[in-house]
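Paired with chain B in one complex and with chain C in the other, chain A is shared by the two complexes that follow.
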Partner chain A sequence: MASEFVYKVASEFSRYPGGRLRSHGEFSGQAFREDVVLSLLHAHDKIIFDLSGSAGYSSGFLDEAFGELGAIFGVSEVRRRIKLIATDDAEAIEIAWERIKDASHEANKG
Partner chain B sequence: MQQGTPWWVTATLMAFTAILSNQLAVRRERAKAAADFMGGWRKRFSDAVASICDSASKHYSQADDVKNTHSSSCLINNNLKRIGSIRSEVEFVDSANAKRFRDAYHNLHYVITGSADFEDVNRNIRPPGDPIFESIRNSEEALMKASKAKLKPKDV
Partner chain C sequence: MARSQQGNPRDRWRQTLLAQERGRRRNERKGRIYSSGKWRPEHRPIVNPRFRVKGKGHGTLRIELPEKLDFLDFSDRDAALILVAKIKKAALYERHKRIVLDFSAVKYVSADVALILLAEIQRCRTYCKGKTYLTGTYPKEHAVSSLLNEIGFFNALGVKGPKLPATYSSRTYLKIERENKTLASVADNLLDCFCEEVNFDPDDRKRLHVALIECMDNVFQHAYSGDSPDPHLYKEWWMAGYADHKEGLVSFVFYDQGAGIPKTIKSRKSRRVTDFLNSWSDSRWIERAIRKPISRHDSRRRGHGLEKLKKFLERTDMSGTLRVMANRGEVVLAAGGSPIFNDFSTPLEGSLIVWTLKPLQSA
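Take a look at the complex of A and B:
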């Protein structure tokens, strides 16, 4: 069984994640998805993103960072390859999965 | 010799009464502690929600907040996370109410932080009639209404 790669967002990306798009400033959700998530998915089959320890995530960041994956891969493939954990922010995980499902649903409709 | 109630019946009744009385007292104390906790929780929760909605409205309407977009948005994200933490101290008795609450919280989170300009350092002040202010108020009301459902402390 392939091992799961663990990526700690607070220590390896930023404790203060930014907004939705690169044009909005540093540490955006778009930058996270394009520079971190997609590269990691290219290199590893399964990844655990640990969202613990940050100062909080905006819906825009979660939507752009993780939600878009639902549109790209489909929710079942995202579920197979990605696990989101957080010891201190259960809501961020729920919101991220909601966005992944919504984006996948939207992509299937379109 | 006259036959009365055997001594052991009296003793057993006395012991039973003492145990029952103790159990009732413990149960009353626990119910009171839970009610006190929930009273405090509701106050902390409603204060936190009101505070974050005020901060969010300022974030979109005040020149200082627009100028300091990054710190203002970080503070809001952090306070939303704190609401999630306060929420985790209790549980809903009815799962339908738990879902209603979760949806209301996620909606408030999205209304406040999901806008494209939430953390845009080049954003503009939103005018007083902008729909976002009404959306924030409506989401706040919906969340407060959802929090009125029957709850209990998580460890009880």
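Take a look at the complex of A and C:
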């Protein structure tokens, strides 16, 4: 039986998501992917990431946090296992999925 | 301590800021830095080990500042940039023992020029480390003194700000941040300070917040080169917000002393492309970078940061402009309008990004 887990980024990671890489500063997309996302994917089959309530997500954060998953797992597997929701930031969800698709495409090409 | 509930919102806001400042100073005496709503490690600028201020210091240099320091008028812009270059040269290359900035003739300084001046002073002081004594005379104009005081200019020079008449009421309010990391909380705190001036729509505020983080991240990734022999403060950026109550304007400024957007892009393009686009001015390169993603990786995942700068302007209901100045070029964008390209003879070191908003009067 598939287990579904809800993770609220603003309250459980940071209300102020930062830049792309750990070296750029705190609460980076790389830190989120490595410390949170991959662990959750290991523990649960399906995860819902709630992006609501944060101050905003940079393109670098979304690319490293979620886009890179497209390169690691492929877009269809990511679609099967991850759902992104946000009551106040539809743009962030759109950008995250674009990056996931782009990463998957580039990984297949390369 | 009970805070007075009387007085207008602006007075209460100033009282809050004064209380925060007292708290900051108290904790600074205890070795902690209070900034952006929380205690965080003291900011430490990173100098370039490849650059050293050489030679024995000699003499005093008096630099007379022009009457007007502004970027909007071409000749004023040139005068401001020549001044900044002069200060840098005198402190870091000519090694004067003492540099006196003569403000007596200055009648007007715009906030973005003040920010660039402050950045230069801070850079010179970091590199010179007391070997060159940077000081200045107080401006005669209260408006200039007030602006420079609020931006921390006199503090950067290590002198007390001038005393203004009790009846003087500043028409501007300015808040500045300086860091060398991507810190989203700093951007959020800056926007918070202006929530009374700008009644942000939540989506607008989010877009502007994201644009500011993109600027920080861009500086980290692209602005400064590790191979450069120049006296940079690595990854350093300055960010300011200022409100001119008389003009009804609010501006947010982001500045770095890196290579500049056009130089950075050209260095990442192949020789074939840059030769082909040899006729492109710096302003065209800036506009191209803002309009469409450019990435050295040839990846669709990268290069989206600068696009966000104008996204905020395009989607907000407020009237306003975005001005991006770097190297010898400048692009001015207004929502729904065509970009205005300006190119100059005197280059700006780094990149300056200014959003100027004229918030709509609320009903």
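General remarks:
Keep this in mind: the second predicted complex is superposed on the first by the 109 of 110 C-alpha atoms of A that agree within 3 Å, B and C clash if a C-alpha of one lies under 4 Å from a C-alpha of the other, contacts with A are read in each partner's own complex, and residues count from 1 in each chain.
The definition used in the following text is that contacts are C-beta pairs under 8 Å (C-beta built on N, C-alpha and C of every residue); 3 or more make two chains touch, one makes a residue touch a chain.
All values reported here derive from a predicted model rather than from experimental measurement.
On the superposed chain A, the positions of chain B and chain C overlap enough to count as a clash.
Touch criterion not met for A:D50: it reaches neither chain B nor chain C.
Of the two partner chains placed by the overlay, only chain C lies in contact with A:G67; chain B stays clear of it. Looking at the shared chain after the overlay, A:E94 reaches chain B, while chain C stays out of its contact range. By the touch criterion stated above, A:E106 is placed in contact with chain C alone, chain B being left untouched.
It is stretch 207-215 of chain C, out of 45-53, 135-143, 207-215 or 243-251, that runs into chain B when the two complexes are superposed. Across the two superposed structures, the residue set of chain A contacted by chain B and also by chain C is 16-20, 23-25, 28, 55-61, 63, 88-89, 95.
In the complex of the two chains, the chain C residues touching chain A come out as 181-185, 187-188, 202-203, 206-207, 209-210, 213-214, 216-217, 220-221, 299-302, 304-305, 308. Of all residues in chain A, only 16-21, 23-25, 28, 55-61, 63, 88-92, 94-95, 98 touch chain B in the complex they form. Residues 69-70, 73-74, 76-81, 84-85, 87-88, 102, 105-106, 109-110, 112-122 of chain B touch chain A in their complex. The touching residues of chain A, counted against chain C in their complex, run 14, 16-20, 23-28, 55-61, 63, 67, 88-89, 95, 99, 102-103, 105-106.
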